[in-house]
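Submitted below is the structure of interest, expressed as structure tokens.
So that you can tell them apart, the chains are marked A, B and C in the order they are listed, and the count of residues begins at 1 in each.
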């Protein structure tokens, strides 16, 4: 499912010719109208509503707690998934073995699973009725309806991002450089750090940024697993819903605008990386 | 004797399998285990209940329609982005990924406000007698939003890679623009377009946050399957929630395999 | 000597009490604003009485949804839900004592409420009774009875009315309720979601809401936009509260939790409830116009007087005084749950006949 992650590898392989025709005609207008209605209008609405009078809502304790929880979740989820992405990229592109396609499909799975099902899975695993429920309850450990559950659900939903990006990238690059390094006597770590990492840095960076955006923005899975305890287990997207339900439409959009800014930064980063990937590393 | 040319097989594969096992397989197994507790007839009764079937029709139908719209419109957008120069092209190009990067809840409340009876789009539509929000129409719009980047981003690289010599050759051989498009370009681009369409479809069937604010959530009419799963869970109907989750998982898995097959086919 | 020992003893006792304690109140959807005020008042009172700081966290959502979360492990010290059967589910799982309803006065319901209609200003569709609500062409907003407690009270209010009107003919009553849901375009999962849909998004001609929700909507969104219509008969809703014994035993918060629930019955607690348009058990605090006046008087000073007057005027009574029937008269929660809200029961069947 490399297409889903907007693989830079394919773009890197392409050659861009400037055989563009100058602005013309009904086709362009039609395309622009489509994008305008579907993408630009919602984007504009977020900021228009937020600026109406909403920004005070961000300073409230519940909103600040939500921001803290979102940042904490991302701070745990992104490094873990990056580690996984690196391991999976190495394992799946540098070796050939049976069962590779099974692993690849498993990595793709969260893309196809509805986020509410993801939430359901963790409730069933760690809730009081689940296999671990009694054990956790005796020790007073809270997983679901608390931060650990939110982290787990977010981990599940976002781990493919880094992995898939790296797999596509590393596949395209081939193994020759690493093999040459090994032949020349470099150890595994040396090869990895000195040869692989510099080569994949743009793909890695983009995967990390995308994973981060999705980790901070996840709603469905977290909604099922969170206890909706105000000031404690509400992330920013959940807090947006809370404000929306408390007649604070502008406040909801104010918090939403923070998340939208993050999305725009993600887009800008992609654009930036895309323009840099052409440079030799 | 070394099996592989490069080191690190054990560590990397081991970690990968461990992570996948803990994070994916074990949680997924809870659905399977819980559903196995049901007898086959009981499972079938839940999975084929009229309300569930209505939700499948809506979810898969709306997703398919949205994917088809994206197939056509996304192709058009990709075409325009690759082949034309116009002011703001880079800006539009960057924005295409917005549905991908934007949190689903934000998309949800924004689209619900936009399509509501007082919204920028909903108000004029309401005047024309079309109920935009709380109808299948609204759901299709939300799913089109969600799936837009998939088609555009799968088709774009292929269009960019298209050697101009192909079209020039066709032109010298006397083909019209239309014929060139149909017989030369389309076959090249079609696999990517279909892959993008399938990706958009797969994403749409599971979509929750973007849709529940704008959907009506009326049983049998505007209730999507993910919402039905959540509703059953909230009613203490764990068996029902798991049964439906299993249905969705099976469909998603089959779709994944199909998409991977498609990608392998189009890479040839 | 004895005095010295006593002082010493009391000092150590006090020192043993932790400086701050935290409670989690898992509540149903519309009580957000109520408990914000109650929690602040209780914290003040508790601090003055014991010197201990108590922080009360809130969680809100559809009543059954919240009960399910508590069943699955949400560590609630206190639950304040919309109906008894949701707390019964907790009792069945051993989280709450089986005789929970007798632990506090009035069947553990410190306040009551009812279901009223919220309509657009001027009541253009002339909705005054339950019969008007089922008229074709009237768009009705209510929440999903399967997840929202308020929506279940609403369903039963309509059903009870139809049952009475048809002189006990259950089939006719069910048909009446089916006509009502035919008029519903969108089903939110909680009472607050339904209010938002009606009031902020502008959908529907009438909202079937908790009385307190209706008053709050008037206050928050302007009395000039909506009116409350009180139907001639409606249901007496008794949202109950309980201490979650298993959780407070483990967390050691039993004393505070009990005091918190008792606070709801105290003079101050009851006054706050009345202010938020919940009908308190203490007599004399309630009259139909009182909550309107109190709520709107609390509005910003600049608009104060005129808004209070507008608010009071916005409450209209139906043609006859409000008659309230109870769920006991309909057979009790167990029977009602089985007949209407269980899987495949009357509510589900309403929708299956469509298509």
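Assume a contact is a pair of C-beta atoms (placed from the backbone, for glycine too) under 8 Å apart; a residue touches a chain by one contact, two chains touch by 3 or more.
Keep in mind the model is a prediction, meaning the values are calculated, not measured.
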For the chain pair with the highest number of C-beta contact pairs, give its two chain identifiers. A-B
Quick one: point me to the chain whose Cα centre is farthest from that of chain B. C
What whole-Å value do you get for the distance between chain B and chain C if each is reduced to the mean of its CA atoms? 39
Here the gap between chain A and chain B, centre to centre from mean Cα coordinates and rounded to Å, is 16
Going by residue number, chain B touches two or more other chains at 113, 230, 233
By the touch rule stated above, which residues of chain A touch at least two different other chains? 123, 129, 244, 249
Listing for chain C: what residues touch at least two other chains? 71
Residue ranges of chain C in contact with chain B within the complex: 62, 64-65, 67-68, 71, 89, 144, 146-147, 184-189, 201-203, 343, 348, 351-352, 354-355
Parts of chain C lying in touch with chain A, wherever the complex brings them together: 24, 26, 29, 32, 57-61, 69, 71-75, 190, 192-193, 196, 199-200, 217, 220-221, 250
Write out the stretch or stretches of chain A touching chain C in their complex. 123, 126-129, 133, 136-137, 140, 142-145, 227-233, 244-247, 249
Complex contact set, residues of chain B against chain A: 4-9, 11-13, 15-17, 19-20, 23-28, 30-31, 34, 73, 76-77, 79-87, 90, 92-111, 113-114, 120-121, 141, 144-145, 148-150, 153-154, 157, 160-161, 164, 192, 195-196, 199, 202-203, 205-209, 213, 225-227, 229-230, 233, 238, 241-242, 245, 248-249, 252-253, 255-257, 259-260, 263
Note: in the complex, chain B contacts chain C through residues 50-51, 54, 112-113, 116-118, 131, 133-134, 216-222, 230-231, 233-237, 240
